[in-house]
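Chain IDs A, B, C, D, E and F follow the sequence of writing; residue 1 opens each chain.
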Amino acid sequence: MDILGLIQANILTPVILFFILGIVAARIKSDLKMPDAISEFLPIYLLAAIGLHGGLEMRNTGFSDMLIPMLIAIGLSLVFTLNHYQILRRLGKFNIFDSYALASTYGAVGAVTFSVGLSFLKNQGVESEGYLAAILAVLEPVSFILAIFLTNMAVSKQIQSKKQSLPEGTLDNNEKEIVEQNKTNLSKVLHESITGKAIVILLGGIAIGYLIGDKGFDSISIVFDELFTGAIAIFLLEMGIIAGQRLDDIKKVGVFLVTFSILLPTFNGIIGVLVATALGLSLGGAVMFGLLMASASFIAAPAVLRHAIPQAKPSLYITSALGITFPYNIIILLPIMFTISSMLHNLETPINLFNYLEINLL
Amino acid sequence: MDILGLIQANILTPVILFFILGIVAARIKSDLKMPDAISEFLPIYLLAAIGLHGGLEMRNTGFSDMLIPMLIAIGLSLVFTLNHYQILRRLGKFNIFDSYALASTYGAVGAVTFSVGLSFLKNQGVESEGYLAAILAVLEPVSFILAIFLTNMAVSKQIQSKKQSLPEGTLDNNEKEIVEQNKTNLSKVLHESITGKAIVILLGGIAIGYLIGDKGFDSISIVFDELFTGAIAIFLLEMGIIAGQRLDDIKKVGVFLVTFSILLPTFNGIIGVLVATALGLSLGGAVMFGLLMASASFIAAPAVLRHAIPQAKPSLYITSALGITFPYNIIILLPIMFTISSMLHNLETPINLFNYLEINLL
Amino acid sequence: MDILGLIQANILTPVILFFILGIVAARIKSDLKMPDAISEFLPIYLLAAIGLHGGLEMRNTGFSDMLIPMLIAIGLSLVFTLNHYQILRRLGKFNIFDSYALASTYGAVGAVTFSVGLSFLKNQGVESEGYLAAILAVLEPVSFILAIFLTNMAVSKQIQSKKQSLPEGTLDNNEKEIVEQNKTNLSKVLHESITGKAIVILLGGIAIGYLIGDKGFDSISIVFDELFTGAIAIFLLEMGIIAGQRLDDIKKVGVFLVTFSILLPTFNGIIGVLVATALGLSLGGAVMFGLLMASASFIAAPAVLRHAIPQAKPSLYITSALGITFPYNIIILLPIMFTISSMLHNLETPINLFNYLEINLL
Amino acid sequence: MKLFDVKLLTVTCEILAQKNILEILNKHGITGYTLYEVDGNGSKGVRGQGFKNEKNVKIEIISTEARLKDIVEEITRSLFSNFAIIVYLSDVQVLRSEKFI
Amino acid sequence: MKLFDVKLLTVTCEILAQKNILEILNKHGITGYTLYEVDGNGSKGVRGQGFKNEKNVKIEIISTEARLKDIVEEITRSLFSNFAIIVYLSDVQVLRSEKFI
Amino acid sequence: MKLFDVKLLTVTCEILAQKNILEILNKHGITGYTLYEVDGNGSKGVRGQGFKNEKNVKIEIISTEARLKDIVEEITRSLFSNFAIIVYLSDVQVLRSEKFI
């Protein structure tokens, strides 16, 4: 199937259509919305399900082959974050705070995007490596920690240079406090990131899945497996509504950031697919790896960044991540990465070809 | 099965029993209640499920044969609304505002009633036409718009005649404002009705069902099909509680309105079954068509009417629609209409009779 | 399987692991929590499911054999409550109010514990008598009513003796009011207990299950049966979080109460298993009967006791019931009671032995 | 537009005392009040986590000073010792004084 | 720290009147307000049970006395007869008076 | 019944600033407060739609004027520039003045 055909088929799935329905509802100013409790519950449920699923897989396959992909994912995520910063600061002319905030938003991962990716693969009848859920959990905080560390460094340096140009002892309390605060900020953010609900439920789910195995999972599989796609569809309705409400703000973020929000995920995602394929991940695994690289965080990001870099404007990073990158990723980039991964996996796996011949000869 | 037997069998279904349990809980002043988020979520879910189901059916059967039944439904709904108004105003001696509000409440449709109807048919092993969900969506606003239009006309005329009996220029600002307000009211109500969450999710569900088809529906059918009856049962528990809390108010609405709340739905519903049968709808389709005519709106009505006819007393139209008509419709009128429709369809369809003989002969 | 092995296997079930995850999340101060609406909805759902299940069973087996076990359960519950009071008041040196509050908390039953027990048995492939759900409903208020009655007696007596030692007529208004209040308290508490949401939904569920039978249950069995274990897992995540938040308070309740919170349930539970076996209940039924005796109330208790014995400190009875007894019961005592019940049922049922031989001979 | 000076009584207490407060209001012939759930912290510890029973509720009553003082007295007497609760009064101006007697 | 005296207008009304109130605020050039759902009791009966449409909402607006009085007048005129509603004013002190004009 | 005059500080801010406020209260030795989620509108735009992180919270603290002014000063300094936030003071009368120091 060609890319356009795949995109079209992707659009005609319930998950994407519910997302679009949400956008439409918001645009015509309908009062349709999910109750808060439901929109808070669904991400917890989705992460638990992703975790359980990953844990079950890892019990079957072991996690010895997880280490290299995970380290590479962390490395890529850090490099991408730095790269984003340079582009945003130099080309985009954003201030330090906005640049770091945006850089880390795009360096981080989106758990909802990941869920949609899994349901996309399910639809294509393709599996992915279970340990990718663990990589999702580990990547969550990495990019933020780097950005916060660098922001703090930059602020300290500014104050330092200001101090040196002044007679000694004039560093006023206010500035001392800022330096102090930045230090505590970093350790607080570290703690908050690691104990954040997304990571806890994801790692917890992985551990539980690993411990109970397929037999133990049986009794809860209807809730955590069979309801999964339907739950994503409902959640995407709400995401569509929220994204739709933000569409007006897109004008405010400017052409540069809009372009950034499409090009960078594409670039990161394709690099991700290539690297993952080179690392030996399966067709589906490479797509999910690419999606991890391409996705931007829009639920965790504000919670972390409002505390760590409060000077950055949330309207910038939420609008671009949720309003532009998320729809782009799940509607268009997923099929693109899938096509690329299919091509790569057909090229690289002579066995497949062999199978193919064999089947046709018999 | 005779009508009484059918009513009894209907009462002994989970959906009706949960409703009765809710009423009992409210009457003994139990603190049992659903959390708000659940009672807000369930109607959205039910409408999405109804819509999807309708859309899937329409994809299979096409919607060319939908036009006539829909136009007739609209026509009936308008005629019924006018009829209700005359009865309420002349016989019931209600004021203009209450008369129009009640007339449109009973001219409109009840989405929850529709859900219960579907589950009733499922229980009887009978299908209904998918496009009835589309008629449900279209009927939602029709009756309100008529009533609001007529109310505005009446108010304008009153002011006009008052104006004519006075020296020129004495129409005070207050009255000008009322006329002005009525005009904007109508356009606002039109917009609000069409963008109201019930219609958006229902039409959206229909569109999605139509686009994805049975294969696309597979992945979400457990959520939107298999959980349907259980979800209705839970929702009816809450409806029972709310209805039960209103039972005391029934005394306040008066004997006339109580009688109206039972006789009119019966009349409208039976007309609906007859007309639908004449139009060629199936046994189940005719029951659902009758139910559309018989049902009164109690979720959408207040939201629309408080803005459009704020002078009308909500205690009248909510109490009669939810406290009297809804239980009557789902417990008693549904089996009555089902019996009538069965009889009509057996009379009219010699093939059925033929089958019957054939089976008995072999 | 030996007890330790059974405990270990029990810990490795999703339900228990989610509970532990919740505790861990609370201890590392994660912001993970269920939305309020979900934690309010789940107990209603669980009780409805327990009730329906019990009602279905009772329809199949009749409830003639329910009377004796129920009366014995009530008797045991009352005797245990008095016993708790003596231990707490004399050995534990608690004041009257705390003693009665704690005594009744442990004399009462825990509906959540009961749910976990059912899922434990399901996991072991063992059935239990359906009428135990009815016993659960009946036991709910019994212990509280006794404790409240005795507290009121004690308070009245105190005031009486104070009155007698004073010249006539000096019983001031304040005290008259207290006596008055205690009387109204008892009748109010009686009403509140019986109309409390737990009892209403449980008895309602039983009635509905009884009326609809297996065929009627079919349409809702996916919601009320198949989702049951998954729902318990999600609910236990929240229970774990709340229990985890209370772990710090355990220091405050003191060594005596901690010991009490483990020994008494063990004692009550084992007595329960023995008595139930003697009464002829099945292996699983005896475990559930023991669990009814062993479990302490932590959802219903505060609601009842804050009104009935407001002088008692809720931190004592909630912390010990939820923070100590609940985890102990579901993780350790359940497997212990199961082992005991298995042994008793193998001893007492020669038919089993016979089967065993027969199978081995063939 | 004439405004009348009346008093606003605010009661913040654990949710399980809500019934007691409403009974006291009822006894004093008060039929108008507004209430909503809140979280809080005070001498009885953090409230609002965990079970619904452990939340607080805030009840606001507009009425005359005399009437509200009676109510405050009864609340003080019957609830202060056993419940997490605070009460305070403040001044507000209303349009329809007859509505708030 | 200098504090400025301004007024706080509180409107407690049925949730279906929320739109009307916000439109009136908008008409009077007010862009700052805070709102939340509440339950209540009053001359129009107990509110907050059952459907979401039967809840109340409380809307709070800090501004100058003059502006708020205009708003109160319009609310009185257009909503008092048909809706469950009360309004009241009280005194508050703010830091940035320019924020609340 | 003797009533004491104290002050009520109300802070309405975005929910992600809640932690910061509670830390400031803690630093100033305040242990009593009440808080609840609200929606709102102001210079930073409409708040309360969409994600939970985009809600507002209202925090109310009753204490002495002196103490509350210190707190207001710290909030002003550390949070006004970066967060959606307003603060205001008003007068209230309490029964147990020792509870609100």
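Heads up, the rule we're going with is that a residue touches a chain if its C-beta (ideal position, glycine included) is under 8 Å from a C-beta of that chain, and two chains touch if they have at least 3 such contacts.
None of these values were measured; they are calculated from a predicted model.
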{"item": "Labels of chains that are neighbours to subunit A and to subunit C", "value": "B"}
{"item": "Partner chains shared by subunit B and subunit D (touch criterion as defined above)", "value": "C, E"}
{"item": "Lowest number of touching-chain links that must be crossed from subunit A to subunit E", "value": "2"}
{"item": "Identity of the chain that, by mean CA position, is farthest from subunit D", "value": "A"}
{"item": "Interface numbering overlap (same over half, different under half) for subunit E and subunit F", "value": "different"}
{"item": "Chain at maximum distance from subunit C, centres defined as averaged CA atoms", "value": "E"}
{"item": "CA centroid of subunit A to CA centroid of subunit B, Å", "value": "44"}
{"item": "Rounded Å distance between subunit D and subunit F, as computed from the means of their C-alpha atoms", "value": "20"}
{"item": "Euclidean distance of C-alpha centroids - subunit B vs subunit E, Å", "value": "35"}
{"item": "Sequence positions of subunit C contacting 2 or more other chains", "value": "33, 35-38, 40, 222"}
{"item": "Multi-partner residues of subunit D (each touching 2 or more other chains)", "value": "36, 90-91"}
{"item": "Chain-chain contacts as defined at top", "value": "A-B, A-C, A-F, B-C, B-E, C-D, D-E, D-F, E-F"}
{"item": "Contact set on subunit A toward subunit C in their complex", "value": "35-38, 40-41, 44-45, 48, 192, 195-197, 200-201, 204, 207-208, 211-212, 216-217, 219-220, 222-224"}
{"item": "Contacting residues of subunit C [partner subunit D, same complex]", "value": "33, 36, 39-40, 174, 241-242, 245-246, 299, 302-303, 306-307, 310-311, 315"}
{"item": "Subunit E to subunit B touching residues, read off their complex", "value": "14, 16-17, 19-20, 45, 49-54, 77, 81-83"}
{"item": "Of all residues in subunit D, those that touch subunit E in their complex", "value": "1, 3, 6, 8, 31-36, 62, 90-95, 99"}
{"item": "Subunit C to subunit A touching residues, read off their complex", "value": "12-14, 17-18, 21, 24-25, 28-38, 119, 122-123, 222, 226-227, 229-231, 233-234"}
